[in-house]
Amino acid sequence: MIAGLYVYWALFAVMLIGLYVVISHGNLVKKLLGLTVFQVGVFLFFISVGKVAGGSAPIIAEGAGPYSHPLPQVLILTAIVVGVATLAVGLALAVRIFESYGTVEEDELERVADEQPEPNGAFGAQCVPNAPFGSERGGGRS
Amino acid sequence: MISAVMVALLVTMVLALLRAFLGPDRYNRILAINMFGTKTVLFVAVAGFLFGRPDFLDIGILYALVNFVATIAVLRLSHYEELVSGRSGGAGE
Amino acid sequence: MIVVDVMSGVLLGAGALFALSGGAGLLRFPDFYTRIHAAGVTDTAGAGLILLGLMLQVSSWETGVRLLIILLFLAMTSPTAAHVLAHAARRDGVPVWREGDERR
Amino acid sequence: MMTFVLTNVTLLVILIATAIAISRMRALYEATMLGALFSLVTASLFVLLDAVDVAFTEAAVGVGISTVLLLGVLALTRSREAVTPRRRHLPALIAVLLAGGALGYASQDLPAFGAADSPVFSHPITGTYLHQSQEDIGIPNTVTAVLASYRGLDTLGELVVVFTAGLAVLSLVGPPARPEETMPRADFHLADYRIIRIISGILMPFILLFALYVLFHGEYGPGGGFQAGVIFAAGFVLYGLVFGLDKAQRVVPRVALRILVSLGPLVFIGLGLATMLLGGQFLDFDVLDPNHPEEGQHLGILLVETAIGFTVAAVMTTVFFSFASRGVSR
Amino acid sequence: MTAQLPALQVAIPLACAPLCVLFRVRFVPWLLFVVAAVGSLVCAALLAGRVASEGTVRYAMGDWRAPAGIEFVVSAFNTPVLLLVSLAATVTAGYARRSVAAEIEPRRRRLLYACLCLTLAGLLGLAVTGDVFNAFVFLEISSLATYTMIAMGQHRRALLAAFRYVVIGTVGAVFVLIGIGLAYAVTGTLNMADLAERLAEGHDNRALQAAVVFVFVGLAVKMAVFPLHAWLPGAYAEAPSVVSTFIAATGTKVAVYVFCRFAFTVFGAALVFGVLRIDRIGLALAALAMLVGSAAACFQQDLRYLLAWSSVAQIGYILAGVSLATASGVSAAYLHLINHAVTKAALFAAAGLLVMQLGSVRLSALAGLGRRMPWTFAAIVVAGLGLVGVPPTAGFVSKWALVTALVERGMWPVLVAMLASSLLALVYVGRIIEVVWFREPPASAELEPTQSPATPASMVAAIWFLVLLTVYFGIDPTFPGGLADAAASALLGSGGE
């Protein structure tokens, strides 16, 4: 019983850890990291379904024995790129939220939203983040 | 013999992982992860030979490249933050 | 043919030992700079030996070329990464361990 | 066989340990680095599970792009070392227990791991993809064959998703600043960057050459459009990190990026419409070369891979430049 | 060319999106969105004709036979959705020009139009595809484009609403992916028709039952069903008014269609409603959604939040209809899906017009403006009555169909919840009417009589077209009713079709 399913239980554990991080953590960037862990767990599950014992990669070569199934690998190639696309959108939002609210912690966000409900629209950057790439332009609005 | 090397690599990876978890400050962790990356490159190469399909070594090249880019990125971005906050005395010692 | 197998066995064994010693050094050494010495040396040397050992067992020249490319790439980037890491740590003021200090 | 199980178990244990460490790690920088390690272990597991193309993509994307983006955002949002401890444990535990229960309940009837007679392998399309494709399409790498031809629409959808992500970052974090706006500060040209400069300078041509190799080698070995695009982007990221944003933007001008981002999907959809006009179905590459369809499939797959390669490279580089110049131009 | 219609349906909007980004000349992006919307409407109409005459239309992508390749299936159950989404897109296109010019800064306009084309293409693809994983990909396309558009809202709260929707939406999409993975592991195929055949006998397979649960939890997030609806109020209210008009009419509706498609034609009603009793859970959640949605709507201070919470309640009605699993129930659900989409699009469009004219739609700011802008507020009142379900409007027809379906199955508690929710709807629509017509405008409004410039004809025309449509469907429900009955019979009759 255990011999056949240990992989699936390990992967289910990874998925659940990711889900736990997404829901419990307050920091927006940490949530996205948890989301990545959750998605990777699912991808590994798909690929382990397509694996045959003693098989080899589905690249046809003479006498290369049984091949693992190519279909789950195609699906996961698509899913990985979808995951990164969602991560990029989430991170862009996190940067903009930091510039508008001054923080990326959920509880502080609620406090800031209650204290100053009506600053000027979403485009005003309250504070100037540091320049991570060693370049400085004339004093940004601080 | 190759499976012995595989076992050695796995043990080294676990040791590096322990240092990554224990590492008191950031630099110990970067070092452990960089070492883990190099061992993964070797793991892929040895796994290719062990399981009979040695012609998939492009992945090894990619691992080495990506490991190098990640290490430079970690140093470049985290290091820079210290420079800005001026804690390390700016331009030089 | 036996000589080639023996040679690759020796190389692989040496590489494996280097890797293991690097891992052990990483845990046992007291502070960052000693650990980076352990990791830096064994990374490059261990990788080089294992890849050379594998090269002797290669069947087609394409695989051999790929192993050579990995070897060259690792030989260039691994020391660079170690250097940059040590330099960044030094600039960041990570204190050097003196005899008698406690482990950091 | 034993070494496979041993390696598999070890890597899974490392995977779970890293996942727990990420969830418990309070400092965000360290959590991101462990995220890079997590992707690396996942990629190694993919290699073990014979998913070579997926290992390629996961390593390039998970360690290369995601880590750099996460670190860039952490630098931009000046995330403090420690994350505030306030956590909502109760809803998380409820969700995890429910999902875990459902997964556990499901695992009892799942086919055994690696079983050759599982429903997945006994389905007739296995034969179609592995053997029939050699006659219809004739390329050894069946993953690329299925990706680009049998399920071409999935790949088109995926390319559109990457294009949408590029639009999102362009609209949220703005287009990358113009090169002259991003002049590096005086002390940036430090002696300590000279060694990385030299090494990166030497490596850059080989990285781009390797990306092109991966792009055109996709039919015979692991590789393909997405992997090549991400390797291109990793090369430009390295160049941007080491030589500063302004030099990187001279290498890859903004206009070229904007054109390439929207050119890729157009080429792919145009190819689909072209096959329709030539009398076939949408994305049916047989009609590209009427007398011997196999050549048509080769041509179609090559065009698809190239379109994907350039689009993914352009989008990932635009995303990186936008994040980088966000810190600068503000 | 008519053989290629299903592919054209998705290809036209998909091709317009990158073109929008390439051609940055002033009105070209808007023109491209109009081309995409009208093109998809023409394709939908032609397809509806072909389905009516020939029955199910199958289209193999890349000329690969079904289980190996991806196929599009257009039948009676998805033509109403195609027509609805294309119609909503066309009306939004007409409405969009002035509204986007007023709310979005020039640099972002072409990106918004590109995202509108992508959302349209994603929703149409989701409605048409016959492959399970392909549905996941189209779901991601439409979701990602929607996240981007919501984040273009004027207020900074839009960013928070977009981020919450990204996290919840992605977790929902991954749940759908887990469900697909479990179903694939048990059957080995991704084609819906093939999946239905192979699942016909394995009803006691636990992995399959878990797959059903995971897919439906993921879809419940996309449908904003009661416990998982947290993202909807913020997303609809903070988005630019063009975006909220379009996604209010189509976003959750296509998710309901996918729910029906999975429940009836993929997993089979016997498994979903027989073995797993999803109908009891669905009816319970629907009743809760009705009550909570309507109750929350009564306490909102902002018109758009009020409308968003009322959407949560209306989705409860549709879910109640679907969960009955009877022909009359599903037909009533489809009818309410169409009527509510048209009504809610009219209301959000009117709210967008108010935002453009007055700057904000807080109820306090709207006090006593009924006389100053009679056309806009008359439209709001008529559409509001449609929400409540007052006889001349379409809302009454679909609620009546729902009541008869509920009575037929004898689901009295859900019936009571429905009536209570309609009463609550009367409360919040009455509140709007009272604030707008019977209250004295605050002193400040008097000072700037010029505040109401000439209301743009294109926007008022779009709003009144939708309102008249609701009234027309109310008086002569044969067209939507026919579509709904055909869809219900296609879903239930064919089973594994």
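Note that the chains take the letters A, B, C, D and E in the order they are written out, and that residue 1 is the start of every chain.
Simple rule for what comes next: contacts are C-beta pairs under 8 Å (C-beta built on N, C-alpha and C of every residue); 3 or more make two chains touch, one makes a residue touch a chain.
Since this is a predicted model, take the numbers as computed values, not measurements.
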Sort the chain pairs by how many C-beta pairs are in contact and tell me the top one. A-D
Chain of greatest Cα-centre distance to subunit C: E
Going by average Cα coordinates, which chain is farthest removed from subunit D? E
With centres defined as the mean C-alpha position, give me the subunit B-subunit E separation in Å. 48
Dist(centroid_CA(subunit A), centroid_CA(subunit D)) in Å evaluates to 12
Per the centroid of Cα atoms for each chain, what is the distance between subunit A and subunit C, given in Å? 31
Between subunit A and subunit E, what is the gap in Å from one C-alpha centre to the other? 27
Specify, in ascending order, the residues of subunit D that touch 2 or more different other chains. 32, 52, 72, 74-75, 78, 103, 107, 110-111, 118, 120-121, 125-126, 129, 151, 154, 157-158, 161, 164-165, 168, 172, 196, 203, 221-222, 241
Among subunit A residues, those touching two or more other chains are 15, 19, 32, 49, 56-57, 61, 71-72, 75, 78, 82, 85-86, 89, 93-94, 96, 130-134
Flagged in subunit E as touching 2+ other chains are 133, 137, 140, 144, 147-148, 151, 178, 184-185
All chain pairs that touch each other: A-B, A-D, A-E, B-C, B-D, C-D, D-E
Residue numbers on subunit E that touch subunit D, as the complex places them: 4, 7-8, 11, 14-15, 17-19, 21-22, 59-64, 67-70, 108, 111-112, 114-115, 118, 121, 125, 131, 133-134, 137-138, 140-141, 144-145, 147-148, 151-152, 178, 182, 184-189, 198, 205-211, 213-214
Subunit D residues touching subunit E - in the complex, by the definition given at the top: 102-103, 105-111, 118-126, 128-129, 149-154, 156-158, 160-161, 163-165, 167-168, 170-172, 258-259, 261-266, 269-270, 272-273, 276, 280-286
Which residues of subunit D touch subunit A in the complex? 1, 8-9, 12-13, 15-16, 19-20, 22-23, 28, 31-32, 35, 38-39, 42, 45-46, 49-54, 57-58, 61-62, 65-66, 69-70, 72-79, 83-84, 86-89, 91-93, 95-96, 99-100, 103-104, 107, 110-116, 118, 120-121, 125-126, 129-130, 134, 140-143, 145-147, 151, 154-155, 157-158, 161-162, 164-165, 168-169, 172-173, 177, 181-185, 188, 220-222, 224, 226, 240-241, 244-246, 312, 319, 322-330
Help me check something: in the complex, which residues belonging to subunit D touch subunit B? 3-4, 6-7, 10-11, 14, 17-18, 21, 27, 29-30, 32-34, 36-37, 40-41, 43-44, 47-48, 52, 55-56, 59-60, 63-64, 67-68, 71-72, 74-75, 78, 187, 190, 196, 200, 203, 207, 210, 213-214, 217, 221-223, 227, 231, 234, 237-238, 241-242
So in the complex, the part of subunit A that touches subunit E is made up of which residues? 15, 19, 22, 28, 31-32, 35, 38-39, 42, 45-46, 49, 71-72, 75, 78-79, 82, 85-86, 89-90, 93-94, 96-97, 100-101, 109, 113, 119, 121-123
